[in-house]
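Quick one: the structure is below, questions incoming.
Which chain is which? They are A, B, C and D, in the order written, and residues in each are numbered from 1.
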Amino acid sequence: MLRIDGLHAGYGDVPVLWGVDLAVERGTIACLVGSNGAGKTTLLRAVSGLLRATRGHIVFDGADLTAALPEQVLGAGIAHVPEGRRLFAAMSVRDNLLMGAYLRRDGAAAVAADLERMYALFPILRERQRQDAGTLSGGEQQMCAIARGLMSAPRLLVIDELSLGLAPAVVDQLCDALRRLNEDGLTLLVVEQDVTTALELAHYAFVMDTGRVSRHGVAAALRDDPAIREAYLGVL
Amino acid sequence: MLTLQILANGLVLGGLYACIAAGFSLVWGVLNVINILHGSIIVLGGYLAFFGYTQLGIHPFFSLLVAAPLFFAFGYFLQSALINRMIAAPVLLTLSLTFGLDLMVQNGMLLAFTADFRKIILDPPLGVLALGPVVIPIDRLLAMALALGLTGLLYLVLSGSRIGRAIVAVRMDREASALMGVNVRRIYAVTFGLGALMAGVAGTLLAMIYPISPLAGTTYLGKAFVICVLGGLGSVPGAMVGGLALGVVESFGGLWLGPEHATTLSFLLLIAVLLVRPTGLLGRKGYE
Amino acid sequence: MSPLLELRGVTRQFGGLRALAAVDFSIAQGEVVGLIGPNGAGKTTLVNVITGVHPATAGTVRFAGEDVTRQQPWQAARRGIARTFQIVQPFPDMTVLENVAAAGVFAGSAPYGVRAEAAAMEHLGFVGLAERARQRAGSLTLAMRKRLELAKGLAMQPKLLLLDEVNAGLNPAEIEQALALIRAIAARGVTILIIEHLMKVVLNLCSRIVVLHHGELIASGDPQGIVRDPRVVQAYLGRRYAAH
Amino acid sequence: MKRTFIVALVVLAVLLAVPLTMQAYGLRIGTTMLMYGVLAMSWNFIGGMAGYPSFASAAFFGLGAYAGAVAQKYGVPHYAAWALAGLVAALFAAALGFALLRLRGHYFAIASLVVAEALREIVNSATALTGGGMGLNLPLPQASSVEAQARFFYYAMLGVAALTFAASFLVRHSRLGFGLRCIQQNESAADMLGVNTTLYKVIAFVLSGAFVGVAGAIYASWVHYIEPPDVFDVLYSVKPIVMVLLGGAGTLFGPLLGAGVFLGLEELVWRNYLSVHTGVLGLLIVLLVVFLPKGMLALRKA
C-alpha cells in the first residue's frame, strides 16, 4: 500500500536519511523501531510532506507522493499523528477533532457521524469534549490526537511515538483500540521506542539505524532474534 | 458626574481602539509579522469614507460595505504576492519590509491627498444622546457600536467557522495545522486580508470623529501596539479588553495630566507592562 | 572529604507539575555516575537545576563547597560545570574551531586570541575533529556534532561534566567510539554525570547509578545491584520486561 | 587585520583631505555622510553584532541633541557639551538596556521604538528646559566664514566617526566581540558557555547609544535650531538599519559602505524627485529586504 524506495532527506545541510526502503502492506499494522535520532521521525515527516525528500520515492496506492504537500498527502489518505501529540492546546477537544476533518467535503452529517465513532472508540473524549485539549492527561491527549487523525477518514494512519511518557495501562488501552481499528480495515504504521510494546502490537517490523532500515521482518520473529534482544532490549 | 462623562468618552474611544487593534493583533499573533502598514490602511479607510461622502454622498456607515471587501482583497494580495516570501525571515527583515511598504503608501497618500487634515462633517448632524448628566454624540456612539460589533463578528468567525478554526490552529501550531491539511500560506493571506479589512473599516468610522491626514496612521499604529501588549497577541477578546482599557486610561490621563500627555501615558504603560509581563497582561504564550 | 556536587531536597515545580520532588544525592570528586530513568522522569530538569537554567523551587545545590542554588548558567560554566545537550546546540555560522575556542575563552581560562585557538585545536584533535576545524559548525553530521559538544565541554576545563544523552541517535559503532572518548575524559580525572537511555552504556562506564522516576530518586547504588532492584526493573524497564 | 588597518588609514586620509577641495554644499553632504556612518556603525554594535533589532537610535540621537543644546544654553562650551551629550546617551542606554534587553524579537523592537516616541513627548512637554514644541536655538560657533564653519563641523563629525570606527574595530577583535557573536548565533547556548549575556548586551547597547548621542549634539550645533519632531524622527532609527542591511550586518566596513551608498541614493532622489523621496526610500527598503537580505558584501562572497 505504502512503498518507500531509497529515500534521502535531511535538515538544511545535515542529512538524516540515507536511502530508506520500506513497504507497508494493506490491512496490517507495521511498526518502526530504532534508537533516538535514528531518523524515524524524519522519515514520517518526509512521508507526510512536512519535509522534502532530496532523493528516492514515496508511492501510496500507486500515486507518487514524493513531492506532495501535506494537504495532498492527507487528501490521498494518509493521516499523521505527530510526535508529542501536538494538539491545539487552547482549543476544545471537539474543535481539535473538527480540525482533523478540515479537508473533508462529504458533508456535516458524515463528519458528525465520525465524531460519534470517535466518542465510541474513546468514551473519555465525549466527557471532555468541551474542555481545552491542553487540560487533558497524557493518555487522553494521545487518544485525542489519534482520534483527530482518524477524523480525516484515512486509509493509512501513521503514529509517531505512541507510548511516549504514558503509563503502561494506558498504552495497553491504546494498543487495544488500534487493534480494533485494524480489524475494521485500517492500515497502521506506528513508530515506537519501546521495542517490546511495538513487537507485541505489530504484524511486521522495521528496525532503523542511522538513517537506514537495517533489519525488517515478521514481528514475532524479530522478538526472538538475539541481536535485537541485545541491541534494543538491553543486556539483561 | 464628570467622572461618568469621562468614563463614557473613554469607552467610546476604546471601542474604536478595539477595532483598530483586533486586526493588527491577529496578524501579529498568527503570522509573527508586525504590520507597520496597519496605521496607513486605517487612514486609507478614512479617505475612502471621506471622498465617498463628500464626492458621492455615500454615508460613512454604508461605505463600510465597500471598504470591507476592498481592503480584504488588498491585504490578501499583498500577503500572497510579497510578504509570504519573507515570512520565515528574522524579525528585523519582516519589520523593515512592512515599514518600507508603509513609506510608499504614505508618500502615495501625500501626493494624492496632500497633507491637509480632513474630517467628515455629517450634514445634518445626528445630534447627541443625553443619559442623565452624560452626553454622547450619536455619531460617536454608533461608530463605537459598529466597531465593537465588527470586532465581535471577527471573534465569531474565528471561533465558529471552518476557516476561522484553521486560523486559530495555525496560530497555535503551524506544523500540526499543516498535518490537518490546512494550506498555511493561504491562511496567512486570509489572515492578513482580515487584518487589512479591520483596519480599513476602523478608518471609515474614525474619519467621522477625528481629522485624518496621510501621516496620522503612525498614532493609530502606536495605539495598536499598546493594546496588543495589554491584551495579548492574536486574541480578539484581548484586543477588546485592551482597547477599552486604553481608551479609559487615556481619557482619565488627559483629565488629570492634561491632554498633551495622553500619548506619553500610554507609551509608559506599554513599557511598564512589557517589563512585568512580556507576553501581555492577558496573553498566553504563542508558538514563537 | 566533602562531595563535589551535593543536592539536598531539590524540588522543581512547573506550574502544577512537579518535575523533581525532594531529590537528595551527591557526587564525589573523580566519580563517574549514571543517571537513568524513563522518559519524563525529570533527568533533564535535574541537569537544568544543577546548571542554573531552571533554579530549584526548594532545596539547595552545593558545588565544591559553595552554595550555587541561585546561580546563572554562565556562572555555572565559569565555576567548572560543563554540560552537553541532548539536542546539540552549536553556533551554526561559526567554524568548528571557533565554537570550541568560545568555550575555552568564556568558561575556561584561555585568553582571547591565537592561544585560545591552539588550545581548541588540541581538544578537536582529542575528539577526532581536527580536519573539520575550519568548517561551519552547522554543516556537521549528528555524530560529529556530538563530538563537537564533547570538545566544547572539555575546553570549558570542567570539574564536573554533565553528559545529557550524548549517545542518542548514534549507531553501535559510533557509540563504541563515544564510550572510548568518555573513558579517556574520565581518565583525566574529570568527574562525570551521564544521563542515558541505553543501559549498556551506563553499565559499561559507571561506578554508580542513580534512578529517577516521576521526579523522585528511587534507587542509588552499584550497577549490579541496580539492575536487580525490583523497583527499578518495574519503573524503568517496564513490567513486560520484568516478566521475561 | 593588517589590511583592515591600511584600508582604514587610506579612508581616513581621503576624508581628511576632502574638505580642502570642497564648497559648502560638498561639505554638507560630507558631514551628513559621516553622521550616517556614525549612526550605522553604532547600530551595528547591537543590531549586527548582538543581533537585537533595536529601533532606539532616534532616541539616542534626539537625547544627545537636546542634552548638548541644553548644556550650551547654560553656558557650557560646545566641545564639553558634546562630550556630555555622549555621556548622557550612554547612561540612558545602560539603564534602558538592563530593562529592555530581557525582551526578545518583536517585543524588543517595539519597546525600543516606543522609547523614542516617549522621549519626544516628554521633551515636547518639558517646555521650561527644552522650549517644547517651539524648539531650541543654539549659539553659532565663532568662525570667519560660512566655509570655515562648514569645515569645522565636517571635522567634528569626522572625529566622532573615527572614534566609532576605532571602537568597532576594537570590539570586533576582542573577547567582547566574540561573545556578542555567540549571543547573535544562539543566546542560551552562549549563556551555558559562560558568556555573561546581560552584561555583554548592555555594553553593546551603550556603545550603540554613546556615539549617536555625540553625533546628535554636533548635529544640533551644526543646524543651530532643533525641535522634537526633527531630532526624534523615527527615520533616524530606520535609516541606520537600512544602511547596515545594505552594507552587511556584523561586518566592519559594511555599515560605512552602506552609509555612503545610502546617502548617494538619498541625495539623488532628493534632488530629482523631491515629492516622492520617502516613497522611493520605502521601495528601496522593500527591494533590499526581498532581494538582498544579507547586504552588498554578501554579493562578493557569492
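Here is the rule we use: a contact is a pair of C-beta atoms (placed from the backbone, for glycine too) under 8 Å apart; a residue touches a chain by one contact, two chains touch by 3 or more.
In this text, all values refer to a predicted model and were calculated from it rather than measured experimentally.
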List the centre-to-centre spacing of subunit A and subunit C in whole Å, with centres computed as mean CA coordinates.
-> 32
Subunit A and subunit B: spacing of chain centres that average the CA atoms, whole Å = 42
Quick one: subunit A and subunit D, Cα centre-to-centre, how many Å?
-> 54
Distance between chain centroids, defined by C-alpha means - subunit B, subunit C (Å) | 50
Listing for subunit D: what residues touch at least two other chains?
-> none
Where subunit A touches two or more other chains at once, by residue number | none
Which subunit B residues touch at least two other chains?
-> none
Graph class of chain-chain contacts, one of line, ring, star, complete, other | ring
Inter-chain touches occur between A-B, A-C, B-D, C-D
Note: in the complex, subunit A contacts subunit B through residues 48-50, 69-71, 74-75, 79-80, 82, 86-91, 95, 98-100, 102-103, 148, 152
Within their complex, subunit C touches subunit A through residues 39-40, 138-142, 165, 168-172, 174, 197-200, 203, 227, 237-241
Within their complex, subunit B touches subunit D through residues 28, 32, 34, 82, 85-86, 89-93, 95-97, 99-108, 110-111, 218, 222, 225, 229, 260-261, 263-264, 267-268, 270-271, 274-275, 278, 288
Contacts from subunit D onto subunit B in the complex sit at residues 47, 53, 99-100, 102-103, 105-107, 109-111, 114-115, 117-118, 121-122, 124-125, 234, 238, 241-242, 245, 275-286, 288-290, 293
Which bits of subunit B are touching subunit A when the two form their complex?
-> 162, 165-166, 168-169, 172-173, 175-183, 284
